[in-house]
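Down below are the structures I want you to see.
In what comes next, subunit A is part of two complexes: it sits with subunit B in the first one and with subunit C in the second one.
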Partner chain A sequence: MTALAATARYELRMQLRKPAIWIATGLPFGLWALFAVLGNDSTGLQRHLRETSPKVWIVEALGWFTPALPMVFGIVLADRLVRDRKLGVAKLLDVTPTNRSARLVGKYLGACAATAVPVALVYLGVAAAFMVWREQPAALWWGLATFAVIVLPLLLLTGSLSFLGPQLMPTPLFRVLIVGLWFWAGVTEVESEFPSFAGTLLSLTMDYPLGVLFDSPNATTGPAGVALDFLRPQPTTGAALLALALILGLAAAILAAAGALNARTSE
Partner chain B sequence: MRLDIVRVSKTFRGKVRALEDVSLTVPGGILGLLGANGAGKTTLMRLLTGLIRPDSGRITIGDHDMATADGRLAVQRVLGYLPQDLGVYPDLTARQFLDYVALLKGLDDRQYRRRRVGELLELVGIADAADRKLRGYSGGMRRRVGIAQALLNDPELLIVDEPTSGLDPEERIRFRTLLSQLAERRTVLLSTHIVDDVAQTCTELAVLGQGRLIYRGTVGDLTARAKGQVWSLVTSGQVPPVGTVVAALPHDGATRYRIVAATRPAADAEPAAPTLEDGYVALAQQHRVTAAETTA
Partner chain C sequence: MRPLSLWRHEVRRAGWAALLTPLVAAVGLAVVAVDGAIRLDQSSRSTALALQSLLELALPLAAGMGAANLVGRDPAVELQLTLPTAYRATILRRLLVTAGWVAVIALTTAAFMVASGWWHRWPEAHPALAGQLTWLAPTLCLSGLGLLAGALSGSPAVASIVVASVWVFEYAAVGPLQEHRWSRLLYLFATTRGTVDQDWTANRLTLLAAGVAMTSAGWLLLRRPSRLLTKEAE
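On to the complex of A and B.
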C-alpha cells in the first residue's frame, strides 16, 4: 500500500471517530430541517414537495444549506495537519521512507473524505427518501450530481485552506477567520459597497455552478456594477466550468503552499 | 552499519549553535551518547535520521551519503528511531498505530505486518492492552509503543533518544537488556543523560558538551578519568565549596557526601573508587574550565 493510501485510510478512520465532525456537519442540516418545517405549515410543505420536480427540490434543498458548509468544513478540518506536530507524531512519520507530499495528500484526502461522509449520508439520505416517496429516481441522481459538483469542490477548497491557515496563525483564530471569509466570500450582498467575492466565480456559495448548471434561484450570477465585476461574467456554461476549475485550481495551489510550509517548518 | 560524521556543524534560526565541528565514527555495535540537556544530542540524532541537514560537514551511514535525497531514503528504510518526546494518535489503539507506522515503513504484506505487530506488542509487554486506545496509556506504556514502532522494520540502525525516560525501574532494566541484545547484530545509538543507562549497556561512548564532542572512548577510560578525584566525606557541617557533589546520604546524624574534585575537598575526605558517573562529572568539570579559559 502506498504512503498516500495508508495515510488517507488512517486519517479517514481517525476523523470519522471524532464526535465533533458529526455534530458540526449535522447541525446545519438540523437547523435547515427545523426552519423548513417551521417556515411552512405541514400541509403547505407537503403540497410544495409534491408539486415540485426532483431537480428543483434537490437544488432548493442544497441552496438552503450550502452557505453554511464552508464554515463547517473549515472549522472541522482546521486542526488536521497541525495536530501531527502538536502531538509529536510528525517527527516519527518524517523519518519513515515515504514521500512527505504523498503523506500530505493522503492526509488531505482522508480528512476531506471523512468530512464528506456525514454530509453525504444526510443529504443523499434526504434525496433517497424523496426518491422513494415521490417514486422519482431522478431525485437521487440530482442529489449525487449536486454533491459531486457543488459540495465536493467546496470541501476541497476549504480543506486546503484549513491545511494552510493554521500553520500561519493559531487554530482558534483561523476558525474565526474562516467564518469571516465565509461571510465575505459567500453570503455578503453582492451590491454591498464593500468589495467582496460574493456572486463571483470564486464565491464560497458556488453561485455560478449552482445557478448555471442547476438553475438554482438562490444563486447570484452576472455583472452587478460593483467592484470585482471582472470576476462576475455573464452566466454561461463556460463561466460555470471556469468557476469550478478556479475553485479546484485554487484548492490545489493552496494545498501545495501548505505542503511547502509544512516541510519548511519540519526542518 | 558504520556511521561516519565528519566536521558537522548546525546552527538553528535565532543563531543558536547546536553542534560545532563534531566528528565521530561508529563502526557498529552500541554507542552511548551522553551530555547535559542542550548539549546537542537530539540535534545529532535528528541529523542522523535525515530530519534536518547540517550547515557544514558530512554524514555517511553505511554507503549512503545523507546529503542526498536518495541517501536519506536508503537510510530511512533501515532505520528505527525513537524520538525523545514521542507522540502518538490518542484515538488509535496501539495495534492500529503500529499498523499505520508499519505501512509507512513499507511492510505491505498484510499477513507479515500483522504478525510483526503482534510479535512486537508481546516483546514490549503491552499485548494485553493492544486494542485499547492510546489516549488511556501511561507515559511508560507509550514509551513501549515507541520502542515497538522503532523495531517494526527490523532496523539495521537503531537510534533511541532518551529511551528509558518515563519507564519504571523494572521496565528500564528490561529495555536495557533488549537494547544490548539488539546491538548484537545492528548499530545502536543510545542518547541519554542517564549515565547508568550507558554504564549498563555500552562499552563505547561519546560525550557532547555545548555542541562539541568532548569525549570518545570506552566506558572504562572515562571512568578512569576520575581516578584520584572522587572523595567520600562525612560531615554535619557545610559542604566544602570545592568540586561537585554527586551523592548525599544520611549517615549517623550527619551526611555522607560523594564529591568529585581535582583536589581533596576537606582534610577528612577519603578517596573513593570512581564510577562512570564520576568520570562523566570530572569530564564536565574539565570542559567547563577549558571553555571558560577559551572565552577569557
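On to the complex of A and C.
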C-alpha cells in the first residue's frame, strides 16, 4: 500500500509540474472557445449566452471540448510507462523491495489524477462562472456530476490504453492510432454502416451516459439497424449504467494486460 | 557515397514507427473504401470520398504527427550538438524523410486513383496534376505545424496535441469555419469537406505558404542549442 501511495503521489506531483499537461488541456479548450465564437446563432456563443439552465450550460456548452478529451488523455499519457524503461529507471525500481504491480497501479492512478487536474479546473471554472452570472449554485453540482460520470471513466479507459499500447508499438505510432481509435469509436457516423463503436455502450464519446443521464442532444443512442447493434440497446438508465460498468471493466482489464506485459518484459 | 549513407542512416533513425504510421493510416482508409464498395455496395461517390479522405485527412495527420515527434526524442542530443553538422540540419533531414515517405504513399495512391478512374468519381476533385495539392498542401501545413510546435515546446507530447487538436478542430468545426473567408483560406480539408469552389486554389496556396512559414520558424527556433538542452526529458 505504501509503494502504491508513494508512486501515485510522486507521479502526481511530478506531472503537475510539467507544462505539457496544462498546454494539452488548455489548447483544446481554447479551440472550443474559438468554435463557440465562430459558430452561428444556433450553435455559437449567442445561444450559450441566452441559456439559463445549468445542466444545458455544462453538458452542451462544453459539448465539443468533452468528447475530444480521450484523444488528449491518450496522447499525454502515452509515454508514462515506457519512459521509465527508456531512462533506465525501471531497472533501478525493480531492485527495490516494492511490489511491481503496486508500483504500476500507483503510477497509473497518479498519472491519471494529474491529467485530470487541468480538466477539473476547466469544469470548475465554467460552473463557477455560470453560478455567479446566473446565480444558480446547481451549476457546481452539474459540473461535478459531468466530470465524475463522463470525464473520469474516459480518463481511466484511455489511461489504461496508454499504459498498454506503447508497450506493443512505438509511442509516436500509438499517438496517431489513439486519434484514429477516438475517431472510429466516437465520431464515425452511426448510419455509415461501417462497423464502429460510435453510438454504442463502448463509444468514446460516452453517448449512453450523456444521452440518458444528462439528456444531451449530441448523444446518439438506440438501435440503428447497422453492424454491432447488439451494443446499441434502448437508451435506459440501466443501459447507461451498463455502459459505465463496461468502460470501467475494460479499463481494469487493459491495465491488467499492461501490467502482465510489463512484468514479462522486465524479466 | 557519403550523402547516400547519411540519408540511409536518417531513415533508420526515423525508425519503423515513422514509416509505418502513414501506411497504417492509408490502409485504414483503404479498407473503409473497399468495404463500402464491395460489402455495403455504397455509391461510387462515397467510395471516392473515402479515397480522397485518405489523401486529405489521413496522410497529412500522419505527416504532422511524425514531424511533431522529431524534436525531443533524441537520446544523445548533447552528443549531436558537439558535431560539426548543425543539429537543426539533422532534424530537417528527418523531416524530409518522414514527409517524403508520406509523399511517396500519397503519389502512389493518387496515381492508382487516376488510372482506375476513382479520382474523378468525386465531384469536387480537381484535375489530376493540380489535384495533387489535395494532399500536398495539408501535409506541408501540418508538418510545419508539428515541427514548429516541437521546436517551441521541446516535447513530442505537446507537439502531438497541437497537431491532433488542430486536425480535430478543423474536422469538427467545418460549419463555422466556412462562414469567414480567412478561415476558409486556412481550412485543411477543402476538397473533401467543402469550401467555396473559387476559394480552393487560394486555400491550397495559403496552406502551402503557412507550411513553409512554420517550417522556417521552427528552423530558426532550433538555431539555439540551449533550447534543446533545457527542455524536459521525454
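Definition applied: the second predicted complex is superposed on the first by the 253 of 267 C-alpha atoms of A that agree within 3 Å, B and C clash if a C-alpha of one lies under 4 Å from a C-alpha of the other, contacts with A are read in each partner's own complex, and residues count from 1 in each chain.
One rule holds in what follows: contacts are C-beta pairs under 8 Å (C-beta built on N, C-alpha and C of every residue); 3 or more make two chains touch, one makes a residue touch a chain.
From a predicted model like this one, the values you see are computed outputs, not experimental measurements.
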Side-by-side fit of subunit B and subunit C on subunit A, or clash: fit
Partner chain(s) touched by A:Trp64 [first = subunit B, second = subunit C, both, neither]: second
Subunit B versus subunit C as contact partner of A:Val72, first or second or both or neither: second
Which superposed partner A:Leu246 touches (first subunit B, second subunit C, both, neither): neither
Partner chain(s) touched by A:Ala33 [first = subunit B, second = subunit C, both, neither]: neither
Touching partner for A:Arg175 - first (subunit B), second (subunit C), both, neither: second
Subunit B versus subunit C as contact partner of A:Lys18, first or second or both or neither: both
Contacts of A:Leu87 with subunit B and subunit C, given as first, second, both or neither: both
Angular separation of subunit B and subunit C about subunit A, which is computed from CA centres of the superposed model and rounded to the nearest 10 °: 80
Chain touching more of subunit A, residue-wise (subunit B, subunit C): C
First, second, both or neither for A:Phe194, with subunit B first and subunit C second: second
After fitting on chain A: smallest Cα gap, subunit B-subunit C, Å: 6
Where subunit A meets both subunit C and subunit B, residue numbers: 18, 87
Residue numbers on subunit B that touch subunit A, as the complex places them: 46, 49-53, 73, 76-77, 79, 81, 83, 85-92, 96, 100-101, 103-106, 108, 146, 149
Residues of subunit A that touch subunit B when the two form their complex: 1, 3, 6-7, 10, 13-14, 17-18, 84, 87-98, 103, 266-267
Parts of subunit A lying in touch with subunit C, wherever the complex brings them together: 18-20, 23-24, 27-28, 31, 34-35, 38-40, 43-44, 64, 68, 71-72, 75-76, 78-79, 83, 86-87, 169-173, 175-177, 179-180, 187, 193-194
Subunit A partner contacts - residues on subunit C that touch it in the complex: 15-18, 20-21, 24-25, 28, 32, 35-36, 40, 42, 61-62, 65-66, 68-69, 75, 153, 155-158, 160-162, 164-169, 171-173, 175-177, 179-180, 183, 232-234
